[in-house]
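Dropping the structures in below, format is structure tokens.
In the two assemblies presented below, chain A is common to both, partnered first by chain B and then by chain C.
Right, the complex of A and B next:
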């Protein structure tokens, strides 16, 4: 039995590795790596972005210019920030910092989003990292104007260069 | 010490406990004696039997070890458990047909007779065999013991259906090929 060979009672046999054994190990681990890479390739070829439901952001109209409001999108456990930057201009980002998921909020200067945990700063315009440890920009919530209301229609993770 | 073997002769044991104390002085397990000096039937007789590890060819203790901690070296000596691996589960204590391994509760490790590996591996006799006054424990060349003693050495033991061959020899009455041990029978005897 293989396990009896591998975990032999005899001290010398336990340490002994035959050339054939080593070859088998190399071939099997290489095959495993190949299979894993093929799986990743297949997944990326067939992967489709999930379509998120559109949801109205309630109370966008009452927000003053420069004001901030928390809403949930796409699920009830995904807090997002809605910011009114001008009379007709809104932006929305996920509130979870991309570093360790602390809640971000607008910095006192009103021009950046700040994560207080490790002093990470994100740009208000596009959510890119300005300073600190966050590795990725904040996911941006795509907004659309429909029937006079403001609707969240999707999430741009912001990780792809485009 | 090529050709030297370990011989145990219970009929010569006088119960002086020299081996027990000599064993405790060994460098590798200071203060802990690995010898089992058993009284056969203390009420009726003073007979004692010294038991060292028999160093089985196919050691049951090592076979049952779940942590792979008991190893047999090329010279046929079954070593004490490896400290980084032993989990003190007592599997070996229960499995050994001779009842040799001891689990030390302090260091949480199984320790047993390793035939004084630090001594025998460099050509010296084990501690117990050097002090035994009646040579019930003897570490001598095989031809010498055949010449000097009436009893014949055997290293085949039968425990029911299990046949165990060992590196250490037991001196048996002449004409006895193997030593059969019927544990249940002995238990029955003691009750009666």
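Right, the complex of A and C next:
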């Protein structure tokens, strides 16, 4: 037919991808992945620790020994747990499980923090993973005593010695 | 001196093998990127540098395999059938 000769575009051939083209596409995808990793590296190099505000969590003697209080730090969408483990000992952790961000709470034995979604357990002493799928320890909230009360002053993601 | 006789379809097999290997390397690189990003967003920076180095190595391997594909493809087209 005349129009086929005039407009010699063959759709089937146009859609055909050669192995060389496919290989090129895969390598370009690999380059994209490398760019992603380099972007993370650049962000990491130029990242500065944000200065978190100090916020009062409890007043003097407000929390009994063995008591628990939920508070939000550093932002309003960051629930945390404050636990009084002894007369003079307090610990605070982010309440979001490091697996899938379910809320953790003190287990019935009083020695661990439990994530009920997938039965992950964290140590009450330092937030390390004791059992289950969480890949990292719970971020620890740094506490300070000021004016008789307890203040949250920072967040340790779990890599530093505390 | 005569050219060595190569079995037909040898180039095709080599290219298919190289593409399969690239696909496997790409899956590993994808996993590496997600794992590095996940750790970075959680405030952990230790895996960032090794992640970038490994990703560069994987890309270099993919690129090397792609060059192999190009060469084999060119040779197989030049060869008389």
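Definition applied: the second predicted complex is superposed on the first by the 114 of 162 C-alpha atoms of A that agree within 3 Å, B and C clash if a C-alpha of one lies under 4 Å from a C-alpha of the other, contacts with A are read in each partner's own complex, and residues count from 1 in each chain.
Here is the rule we go by: a residue touches a chain if its C-beta (ideal position, glycine included) is under 8 Å from a C-beta of that chain, and two chains touch if they have at least 3 such contacts.
Bear in mind that the values here come from a model prediction, so they are computed numbers and not experimental data.
Peer 1: Which holds for A:94: it touches chain B only (first), chain C only (second), both, or neither?
Peer 2: The answer is neither, since A:94 touches no partner chain.
Peer 1: Touch check for A:136: first (chain B), second (chain C), both, or neither?
Peer 2: A:136 sits against chain C, while chain B stays out of touch.
Peer 1: Please determine whether it is chain B or chain C that touches the greater number of chain A residues.
Peer 2: The partner that reaches more residues of chain A in the superposed model: C.
Peer 1: Which holds for A:31: it touches chain B only (first), chain C only (second), both, or neither?
Peer 2: second
Peer 1: I'd like to check the shared interface: which positions of chain A are touched by both chain B and chain C across the two complexes?
Peer 2: Dual-contact residues (chain A): none.
Peer 1: What part of chain B is in contact with chain A in the complex they form?
Peer 2: 58-59, 62-63, 68, 70-74, 79
Peer 1: Quick one: which bits of chain A touch chain C in the complex? Just the residue numbers, please.
Peer 2: Contacts found on chain A: 19-20, 22-24, 26-27, 29-31, 33-34, 36-38, 40-41, 43-44, 47, 98, 136, 139, 155, 157-159.
Peer 1: Okay, in this complex, where on chain A does chain B touch?
Peer 2: Those residues of chain A that touch chain B are 7, 9-12, 14.
Peer 1: Spell out the part of chain C that touches chain A in their complex, as residue ranges.
Peer 2: Against chain A, the touching part of chain C is residues 15-16, 18-19, 22-23, 25-26, 29-30, 32-33, 36-37, 39-40, 42-46, 48-49, 51-52, 55-56, 58-59, 62-63, 65-66, 69-70, 73.
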